[in-house]
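A, B and C are the chain letters, set down in written order, and residue numbers restart from 1 in every chain.
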């Protein structure tokens, strides 16, 4: 037993020092970051972090065997606008949970992945101007008595959301009495709703509209109770790159490409106002 | 990293508590179920042996993540509602019980047929021989491998994170995605797991060396 | 629930592509982690001053952590050191790191199970430590390790499913893509991939028990 205690003692000390060292080296990496804008101009390639599970924005389509959605098209258009015709957009699939870490650690150059601009996130990353205005809403069974966010603020109510999304914090703010369960993707989250693991699923209206359009018996209710402007995220301090994004985005708005993409994906989606989104 | 822990210590501790709770529950039940199927595999009846074999092979050869998902998403649609913690713990219990059954069965095998025959020829029944002669010896043989299974069980409990089971890994995910301090958060989570697993596996190593 | 449409040829074909990724990632990881585990286990056993102790300590830390954490550390941590990773590379690195530690432990207890007299005998016949290890101890130890090694390999195949969390395009991930097209497919998908994993792992288990009978 004595020997065991000794081994454990040494183990814990070593472990502590390793983890401290790990943290420090992680911290160092934060400081000496190269200028991403100069890099992408040189390599003529932008690596985009995008979604793969989100209908209308970024979804892996089996039929076409590629990623499709508004975010995907816009990312490609911005790449061409910024780097010229030979510019290449590489799509790197991320989830809600992994998107910010893969941007922070330099694995992707920019995120076009339904990322809401929030003050907390602005401490970690630099955002472009908003490219899409969403708002958080609720998805419920059509037989449900829940009509708005107010109906959720009761004990015994469980709201389903996806890890790493702003929906989680917003529900805690608007309906503090409700319990929030978090999942890794929208499919799991919606199936949990179907399995009765909660009374409502909450995220941005565009995403919910995509799910409701595919599933009879489920409705988006209560309008939007938050503003969720989506921005293109680049790593903190890459202001030159963010400005370049803004320039490209306003060019695309001027030449009509932006409106064309918006119509392509969102025209005819019930309960969805294109003018609101492009505001 | 220390500040991160101080700011979120309650969240970490809830996760730690749930991981411990889930591991203990799963350990107890998987020991019971596992021993049951191990014994079933040695009974003379071929039918029961086949049943045990099917159970063990089924749960041993499907990823735990898939098993937990099926319990969480499929069962509620047909049978009864389960929350993530319960579904994950049930999945973990059944998965581990298959490994424990396999471990104990090999222990029973190691005790040898001679012992059983000897005991039977002394006039005691099959079940008495099992209870008083074979199992006590078998358990002594299998304690180190069982300990390793328990270490695996604690590590595998991290699968609760996928079914919103509020365990250590889930709470880590929640903290990481709200503080954006991904690596430091997971280092703290790792230290918590090591607090549980490291003493146990050193203890098992020292048992093995005796 | 919609079994018929869920299991259209298109979807099944897509799942099979995922299964192929699961299999090749597993095979690469098995090969690499077997070699590395063999070396690490031997180093740990050899009682080389400092080196063995440090190796042993690192092995113990790694094998006592959940694989999920190792996957996160590789995926989120490696790029911090200036290495851009894709999910296939990150998954293989994480699996190899974790499984090598597990295999090193199996190797160590396998070597321990060979009677000590064997080493002494070999040494007194004029072999050096490496020769004795290679020609006398290892062959016997490997025979003893076969069952544990094979069940570890089966675990590795199952463990690849955890890498779905970092978007390894494996079987589980492809199933998730299928049910993102239509969430009605989710339950059929989980059941069908459970079956697919079962078939692959069970075949491996059968090989394991055959080898166990042959050598055991």
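The rule is simple: contacts are C-beta pairs under 8 Å (C-beta built on N, C-alpha and C of every residue); 3 or more make two chains touch, one makes a residue touch a chain.
Keep in mind it's a predicted model, so treat the numbers as computed, not measured.
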Contact clusters after notional removal of subunit B: one piece
Identity of the chain that, by mean CA position, is farthest from subunit B: A
Centroid spacing, where centroids are CA-atom means, of subunit A and subunit B in whole angstrom: 35
Where subunit A and subunit C are represented by their mean Cα positions, the distance between them in whole Å: 32
Rounded Å distance between subunit B and subunit C, as computed from the means of their C-alpha atoms: 19
Multi-chain contact residues (two or more partners), subunit A: 11, 15, 22, 26, 97, 101, 184, 188, 191, 194
Residue numbers of subunit C (touch at least two other chains): 60-61, 76-77, 80, 186-187
Per-residue multi-chain contacts in subunit B, two or more chains: 69, 73, 77, 182-183, 190, 194, 198, 202
Subunit A - residues contacting subunit B, complex: 3-4, 7-8, 11, 15, 19-20, 22-23, 26, 96-97, 100-101, 104, 120-121, 123-124, 163-164, 168-169, 181-184, 188, 191-192, 194-197
Residue ranges of subunit B touching subunit A (in the complex, touch as defined): 1, 69, 72-73, 76-77, 81, 83-84, 162, 164, 170, 173-174, 176-178, 180, 182-184, 187, 190-191, 194, 198-199, 202-203, 206
Residue ranges of subunit B touching subunit C (in the complex, touch as defined): 57-58, 60-67, 69-70, 73-74, 77, 151, 155-156, 158-159, 161, 169, 182-183, 186, 189-190, 193-194, 197-198, 201-202, 208
Residues of subunit C touching subunit B in the complex: 1, 60-61, 63-69, 72-73, 76-77, 80, 109, 112, 154, 158-159, 161-162, 164, 172, 186-187, 190-191, 193-194, 197-198, 201-202, 205
In the complex, subunit C residues that touch subunit A: 10-11, 14, 57, 60-61, 75-77, 79-82, 84-87, 165-167, 176-184, 186-187
